[in-house]
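Structures given as structure tokens follow.
Two complexes follow with chain A in common, the first pairing it with chain B and the second with chain C.
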Partner chain A sequence: MTLFLEQVLNGLQLGVMLFLMAAGLTLIFGIMGIINLAHGSIYMIGAYAGTYVAMETGVYYAGIPAALAAAALTGAAMEFLVVRRLYKRDHLDQVLATFALILISNQVITLIFGRQPLFVGLPSALSGSVELLPGLFYPSYRLAIIAVGLLVALGLYLVINRTRIGMLVRAGSTNRDMVRALGVDIRMLYTIVFGLGALLAGLAGYMAGPILAVQVGMGEQILITTFVVVVIGGVGSIRGAFFASLIIGVFDTMLRAYLPGFLRQIMAGSEADALGAGLSSMGIYLLMALVLLVRPKGLFPAHS
Partner chain B sequence: MKNMKAGLFALAGLLGSVVTGGAQEPVKIGMITTLSGPAGYLGQDVRDGFELAVKMNDGKLGNVPVEILVEDDGLKPGNGRQIADRFLNNEDVKLFTGIIFSNVAGATVPDIVDEGAIFVSPNAGPSEFAGAGCHPNYFVLSWLTDTMQGSAGKNASDLGYKRAFVLAPNYQAGKDAITGFKRYFDGEIVGEIYTRLDQTDFAAEMAQIREVAPDVVFQFQPGGLGIAFLRQYQQSGLLGSIPMVVSEPSMDHAILKAVGDAAEGLNVSGAWNTDLDNPTNAAFVAQFEETYGRTPTMYAAQGYDTALAFASALGKVEGDISDLDAFRSALRETDFETTRGAFEFGANQHPVQDWYAMRVEKNDAGELVLKTRKKLMSAHGDPFAQDCSF
Partner chain C sequence: MTQSSSKTLLGIGLLAVFLALPVIADMLGQPALTSLATRVLIYGIAAASLNFILGFGGMVSFGHAAFFGVGGYVVGILYQHYASGEPLFGFLPGTNQLLITLPLAILVSGAVAAIIGALSLRTSGIQFIMITLAFAQMLFFFFVSLKAYGGDDGLIIRRANEVPGLNMRDKQTVYYVCLAIAVLFFALLTRLVNSRFGYVLAGLRQSEQRMAAIGLHAYRYKLVAFVISGMGAGLAGALMANFMRFASPDMLHWTKSGELMVMVILGGVGTVFGPLIGAGTFIVLETLLASWTENWQLGLGFILLFVVLYTQGGVQALLQRVFGSRS
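Entry: the complex of A and B
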């Protein structure tokens, strides 16, 4: 039972990381109509900038503002220099341009930091484990990630539902043209949305640093899963992104944890391992296909 | 007419030897290796180790001047093959070395040896070329992947562990690693997980390890993945409670620097270490550190040993590689010292050597170092040799 609870926590932790990425991506996709493949690069740049500052100063928390600032600046620069020219183009042009941004940022990072991964230690207050229930130890850093993710989700909920900016964002994701026709400065709104998305991606990247290796190409690994979350949740819907992230996080973790063992009970060991590893890699894509079959616009579509 | 032709050839040969006697044409050695990408330091160390041996002898190996042609395969089998073709056809290279990765070797080595050239591997050791697929022109100076990962299994048994939990990525080298481990481990495998090759978060696997509570964990995660795995192992609190065994490619002297404290106490096994007590090794480690300003890895030592092997054979044939049979026999005599101490070629021209158990410990200066604990296996060959016949 404690093992099951621990795996649920692992799933939640993966889920909130995905949410931080997906929240920005779904807004950019839903409101601006941009497929931003370079969102993973912002995640990577946030991780590198924060980790670098943390390594230089020796203080973990000093990395947080650095990561956020670097991510927001990169996001703003991307929007101003490249993405702004793509709003009227079709999706293929957007994919090409933002894919080029991935290649460019990977090479620039390689030139500056080299190919060896960077490492930052855990803050000392969070380096141990906490006994949540008798026998259930869980790393405090991962608990902190879950807490931060849930707080960000709550904050986003309040901003989107209780503020004027949030109202515009909601309106923009439901009917972009109408918002523009009512005289709202849509450019301003776009920049805010893009910057907000970049901030969250930078935060996610920096928080992932001490667990994973900070290395070139780390953004692409999480980006694909993030797109699955966006599609399952419904494009443009923060609420959808939140629930889809948690569903994908827990589903993926549970498949990895239990599927090979389950298959081993009904077939030979080596075949079960091969099939289990294969199926658990495919799992989230199968889930996406199923969801799209039943609800073609995702679980919580914004344009209803 | 026939006689006259033979006479001309003899004359030409005579002239040729007069010319080479004056200023001997350097022997070309083609080095195809991996210098770019995250694994670029492997090829860099093989190259630097090899070149160190040449530098220490004033540009000569076995008193024969050599010219080393280095090219980067970028870890792409296709590139390796193209470079080999160019070396064979345009540069007329007869002696090859350098390949790091088994997949590059698999695509490149058959081309080289079928053309009648000699390949001496400084690192890659796939089992497919060790048994029935062996070739008289193919020598391995490093180790077989199977034996290398197997040494971790031997080490685990030797340390008295009975129940092992094994993890590797779901691809060929990962499966080979687990096969090798099982071959040498006497105890029981209580858990076996194949992770995704692109997986960087191992929280779900850590939870399973904790649940099963094995005596020992064996993992093989190449490059950055292994570093992430070790750090998460430490963060989840498993480091103190469940010991881990790995083989040296998962914890070489470069990775050790990157991982830091998460590596302390780790049980490592391999065929070479900086502290192996033999004069060749002592000279190599000192010279390498002085020349390049960094600690050599096992790859550097293997590159250096490969150069010593070439030196011995080139010396015996006095730089004449027109008769490759003579060169091959000279190489097979293994009349050279290595940084690993005793070394012979087995029937399949793969190493028969000693294997060591090591541990990551703090030295007097408080730095983490890889310390040799004891000899695990003496003059150990491999199980594939019996299937090889030339």
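Entry: the complex of A and C
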């Protein structure tokens, strides 16, 4: 039972990380109509910048502003130099231009930091674990990630449902052309959305640092999972991104935790492990295919 | 000059260059050129297959490496069973005959494309891009977990498949076999593009509603096109497995799908020979940049960015603009 609860928490932690990525990506899809493969690169750059500063200063928290600033700067540069020219292009051009951005950012990071992964220590206050239930110890850093993620989700909910900017964002993801026709400065809205997405991605990247290795290619790993989340949740829908992130996070973690053991009961150990690992990696894609077949627009479509 | 005769001219010109290439390579003392050209031909077939649905049919598939990889694995798995003497699934004997493995690779990748296409084509736009990517990822992880066929490390094919009467251990022979297959492939593709089916496909790209109003069943046409495209990619994968004597999950990696799209756009979307030129450009660039610097991807990224942002229609259009439009 404690093991199961621990896996649920692990799933939630993965889920909120995915949400931080997916919230930005789904808005960029939904409002700007851009497929941004380079969103994972912003995540990676945030992770590198934050981890580097934290390593140099020895203070974990010093990395946070650095990660956010680097992500925001990268995002702004990408939007200004490349993405701005892609609004009127078809999806193919967007995929290729942002694919080029991935190649460029991966190589630039390799040139600056080399191929060795970076590691950052946990802040002392969060390095222990907490006894949540009798016998259930859980690392406090992971709990902190869940808390931060849920706080960000709450903040986004308030911004989007209670502020003027949020109103424009909602309107933009429902009907972009109508918003433009009503005289809203759509460029400013685009910049805000892209910047917000970049900030969240940078934050996610930095927080992932102590759990995963900070290395080139980390962005693509999470990027593809994030796409799955965005598509399952419904393009342009923050609410959809939130629920889909948690579903995918928990589903993926559960498969990885329990499938190999289950298979080991019916076949030889090493083969069961390999097959289990493969099948559990396939799981989320299978789920996505199923969802799209039943609801081609995702679970919570923004344009209903 | 009319459009079609200039295209025929381009085809003949390309063929002459490819026919003479091994001889020129030997004269220059650069036998590596032949290997390079073999890869160009193989990737040209794969990219042209992708372009058939992408450029002509308007379906942006982000998972075409899946069919490429399936084709490669058909050759690899059949070879492994041939080498071990153990029949596949207990009754299918393995083989190392190219004349059997190639058609089988085409059939199997076509069948896989039929399943993936039948499901994916129910969506469109961003969802279509993502669901094709998702299926490709599924197959990628499937092959990674197939321990019996090498899993992560891939399958080594000790000798290229045999063709009666030919010495397939000679790289030049392999090159000419690939060339012959490529010529057949491009001839068929040209016929297909200019057939009624090709026109329907182009019509579907422009307006599905209009085609439906004429009374055509869009879904069926798109599915058939998707299957044909998957078969072409599978053929290319089977040739690649023979050429590299290796099949691995890397053939199905999503960046490979991205590279195929890059080749298509480099050469020019929606043209028959564009993808071949694109494949050539991509591979030559990759080789040149890689011999010049370890960080070749940086250069490639900037070139790709430039091509996407500033040249509409890729290298072929760029050449046409430089040398004046003739059509």
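By definition in this document, the second predicted complex is superposed on the first by the 296 of 304 C-alpha atoms of A that agree within 3 Å, B and C clash if a C-alpha of one lies under 4 Å from a C-alpha of the other, contacts with A are read in each partner's own complex, and residues count from 1 in each chain.
The rule is simple: a contact is a pair of C-beta atoms (placed from the backbone, for glycine too) under 8 Å apart; a residue touches a chain by one contact, two chains touch by 3 or more.
Because the structure is predicted, anything quoted here is derived from the model rather than measured.
Novice: Which of the two partners, first being chain B and second being chain C, lies in contact with A:13: first, second, both, or neither?
Specialist: After superposition on chain A, A:13 lies in contact with chain B alone.
Novice: Answer with first, second, both or neither: which of chain B and chain C does A:279 touch in the superposed model?
Specialist: second
Novice: Of chain B and chain C, which one touches more of chain A's residues?
Specialist: Counting residues of chain A touched by each partner, the higher count goes to C.
Novice: Mind working out whether A:111 is in touch with chain B, chain C, both or neither, as first, second, both or neither?
Specialist: Touch partner of A:111: chain C, not chain B.
Novice: Looking at A:218, would you say it contacts chain B, chain C, both, or neither? Reply first, second, both or neither.
Specialist: Only chain B is touched by A:218; chain C is not.
Novice: Now for A:79: first (chain B), second (chain C), both, or neither, which partner does it touch?
Specialist: The answer is neither, since A:79 touches no partner chain.
Novice: Could you give the residue numbers on chain A that contact chain B in one complex and chain C in the other?
Specialist: 274, 277-278, 281
Novice: Mind pulling up the chain A residues that touch chain C in the complex?
Specialist: 29, 35, 82, 85, 90-93, 95-97, 99-104, 106-108, 110-111, 220, 224, 227-228, 230-231, 235, 270-271, 274-279, 281-282, 285-286, 288-289, 292-293, 296-298
Novice: Considering only the defined contacts, which chain B positions touch chain A in the complex?
Specialist: Residues in contact with chain A: 37-38, 40-41, 170, 192-196, 198, 200-201, 203-205, 207-208, 210-211, 224-225, 227-228, 231-232, 235-237, 258-260.
Novice: Using the touch rule from the top, collect the residues of chain C that touch chain A in their complex.
Specialist: Listed in rising order, the residues of chain C that touch chain A are 54, 60, 62, 119, 122-123, 125-127, 129-131, 133-135, 137-138, 141-142, 144-147, 151, 254-255, 258, 261-262, 265, 269, 295, 297-298, 300-302, 304-305, 308-309.
Novice: Name, in rising order, each residue of chain A that touches chain B in their complex.
Specialist: 3, 6-7, 10, 13-14, 115-117, 119, 122, 127-129, 137, 139, 141-142, 210-213, 215, 218, 221, 253, 256-257, 260, 269, 273-274, 277-278, 280-281
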